[in-house]
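Below, chain A partners chain B and then partners chain C, in two separate complexes.
Up next is the complex of A and B:
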């Protein structure tokens, strides 16, 4: 066999492999989707919605950490700004349909993200983390002192209202499928973004920023866009959460939540699409199970310990480890 | 009574004094962060927890063993310093070659653990600690009343800051440290035990935080959560000053305390936010910080 024929052969098998891998992924996605569709028949819908909201939050966060290499320690600010905006609008303007309130919350979070990004992308690495943390703390004080947030009390009894004016969201099943639809749409959007040429540049920035600069990319513009997108989606997660729980409070703005979303993403697997979803499911579930048992008071300490363990022992997260395992044993 | 810009002089100077004291704490904490950052290139997220541990240790040592303030002033930082060295040896060292983001996350996890455990044992409301009798009372300076303990805090903080600056800039050990900051591999090549130096540096930085904690115990409420808020403020201070120099960290710390005190006098609503606002302005004008060297 000539060398070029051999080469073509290898290419063919590689293509076939890629195709079969792609098919496997598609099947996996369909199975997951089917599970999500029937889940509320078995599990409590509000609990599932909580998982979906935090999964969306983590997916948004991962767009920055996993695909752009920027560690934001202030993502709670976006979740909270979405949550408060939606909560305030739906509580005070009964004419608004629910999706309008959610859109407004997302828009406010996106704008806030733009403000954060303009300041924070001036520094890199750990400085970036410190700056976002400080800015989020600034927002926290703003939320504490503002009237529209209800201060220490927060906003209670936010009406879920009617989607598009006629779908009653006070019904948990309607609410669940709405949240699921928004989650899936956002997930697909992120998938689209990271596999687009734009997403490739983001990955290049993550891997080697000076190189990306020398190749002529305006790195700061890419970072800015990624940051704004991520904060907008985080705000969307916050808006949804407010509608589901009919509540927006200072917990949404606390740095603790910014840390938690990092843990979710890290434990699921940074830089993978499914990782943050798995991580959010894990963390929300763990917190729920712990709060039921005798270890209820130890949640913080246990989360901290998991943080330490994850960083030391398995930095690639659950999905990352599974991928490694599959590559080793199944190919 | 004399007034300045519509504010009584006594009120203004009182707030200024509080500002200088807060600034002294910011300086001590950001100094420790800068020392650790210099050699390990990591931001120690557990710094607030170490500050809290220093204060908690002071109270707990007194309540259980009757250890008095003067002994605690030495024992508590040493204990916390040893804990810090253990953290460096058993945890941080394992991820030495990884992206610095991971060490930041690791120390964050450690902070969560420490704070979570202490909250469980001692609750969120905190412990009481009464200051030694020597410090009760104060002196009248004519324009203001200066409590003895506050004067003591300022003097001690300045002494420790100066001592640290002297040690790093003027002694042989400090020269090793600075050499390690430049190129730790080369330093190792000269026969210096760099891993030991790293452990000691982390332990020392953490000791500074714990020392600040001991100083804080008699005047602030000692709670397991006391470290996390001040840490975020200190991060802002560090961004404002830049990690360039030891002296820069000290000066920025005290300056920001004063700025905060002044804001409390003239526009109290903004006092908790002002340092973050200064950070934003500094970042917009001079991204590398007031004393920062790197671009």
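Up next is the complex of A and C:
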């Protein structure tokens, strides 16, 4: 009798916790939304769009590193394949509306992700990272050699076109709110995924893979699906970036970028939803500020130093540290 | 014959480069028994476990479960068939609560584990069953505690509850009392006894006190092969067994001294 009362009590506590977590998440989402809605009134929209594109890239990456425990070192390949596909299509087929170009870019990146995953998913840790790096370098070579990418020159003057055929995206405000909508939809999708039953299995795999196997889960299938989703979203980020800047270049495919997204995610905080967004904002901002000042040539060195500092002293990143602080002082 | 023996190995061999870790092991685990696998460090006990659950691939030999050849099946498939193992080092999901640990085991039966679009709230349907399992191992009050904060003995109890959530037909326990104080050991013995009702258990155990209390049948491994087999009476009086355990207090190797991790891999 008292046992069932205890059960009810415990479950009530648990549901209450879930509810308050949920409410916190929603409040945070609303704050984020409000900030992003008014941001272009204060800041240059193209700069904001750059941040959003990289934030989406980092959110996609974090689905793997933060929630599945897989370190991919080849995510630039997905960003680039989305970027080039969209750039090529919009430049050469004027009948296409912008969103079709973006969808096509995302689809290509998703398929490429499937290819990568099939080769790499059975390997673990450093081997997994190395295989993804090697495949991404192969793709880089392919992009350099191919004609449709414009080789060393890249694709320039990609028309932004009309969204759904009638919203003029050459207007920066229109463009901004479109990018914002896509970003938010993707962010909410990832939020949903990591809390879903599927996300729960991903967490289990990250925390103790042999145990997840011994519970009967085919862990490679779960990892594969996570990888494909992540690469698709990374491709979406690349497609958006091409439309915003009207260009796709080899920089998008360079391993440098694969490293940078790791940096963004770590600085912001892995395994948190907001972390990669904050990290991307931080890194893009820092790069911009530095490039304006006398330290322009030192960007890489300074980012490297910050990376080392993060790994040594702030393992949980900006958001992780904030969460720790709040837990200590506010509860 | 196949119904009598839940698990059977025939000529099981595992060779590592230049070293035979498991040598022609023929094991028969009878339905309903608690069967112990004992032996000194490095005897190959954990390796046998890893072979049975395919965390290692056997070099030669056959593994039969309820008469079916499962030698070529993969780890996860074997688990789904009902052969569920625990690990030497407590295998839990450290950053989930105790209840979530159980839920993640139960949710596999729901068939929605690939549903990435579904709300996490759908998992609340499993709370009641999870609580019942936590009751069984005395962890009710820790349901909402993050696992990493639980004491070692409780983590092992949680692991056992998670294993039971799988409704295993054959339970493989790798040193369930390893590294525990006397108090925890007694608790785990009771847990295993309870868990063994209506199922078969094969356990690796160093603590002969535990073995004598629990087990119906004992197989002694030494240097990768079976030294002898029988009930506790027979095995503990076997001079060969005393010999391999020499260096420890002869006929009854210490009942509670914590053992080092086995170096069988």
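Everything that follows uses one rule, which is that the second predicted complex is superposed on the first by the 307 of 331 C-alpha atoms of A that agree within 3 Å, B and C clash if a C-alpha of one lies under 4 Å from a C-alpha of the other, contacts with A are read in each partner's own complex, and residues count from 1 in each chain.
Convention: a residue touches a chain if its C-beta (ideal position, glycine included) is under 8 Å from a C-beta of that chain, and two chains touch if they have at least 3 such contacts.
Note that the coordinates shown come from a computational prediction; the quantities given were computed from them, not determined experimentally.
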Between chain B (first) and chain C (second), which, if any, makes contact with A:305: first, second, both or neither?
-> first
Partner chain(s) touched by A:196 [first = chain B, second = chain C, both, neither] = second
For A:64, select first, second, both or neither according to whether it touches chain B, chain C, the two together, or no partner.
-> neither
Between chain B (first) and chain C (second), which, if any, makes contact with A:253: first, second, both or neither?
-> neither
Thinking of the overlay built on chain A, is A:7 touched by chain B (first), by chain C (second), by both, or by neither?
-> second
Thinking of the overlay built on chain A, is A:315 touched by chain B (first), by chain C (second), by both, or by neither?
-> first
So, does A:228 touch the first partner chain B, the second partner chain C, both, or neither?
-> neither
Examine A:80 and indicate which partner it touches, taking first as chain B and second as chain C; both and neither are also allowed.
-> neither
Please identify the positions on chain A that touch both chain B and chain C, taking each partner from its own complex.
-> none
Chain B residues within the chain A interface of the complex | 42-43, 91, 94-95, 98, 100-102, 104-106, 108-117, 119-120, 228, 232-233, 235-236, 238-239, 269, 272-273, 276-277, 279-280, 283-284, 287
What residues of chain C sit close enough to touch chain A in their complex?
-> 53, 55, 74-77, 79-80, 84-87, 91-97, 99-100, 103-105, 107-108, 110, 112-124, 127-128, 131, 135, 140-141, 143-144, 162, 166
Please give the residue numbers of chain A that touch chain B in the complex, ascending.
-> 71, 119-120, 122-123, 125-127, 129-131, 133-135, 137-138, 141-142, 145, 255, 259, 262, 266, 297-308, 310-312, 315
Along chain A, where are the residues that touch chain C in the complex?
-> 3, 6-7, 10-11, 13-15, 17-18, 192-193, 195-201, 203-204, 207-208, 210-219, 221-222, 225, 229
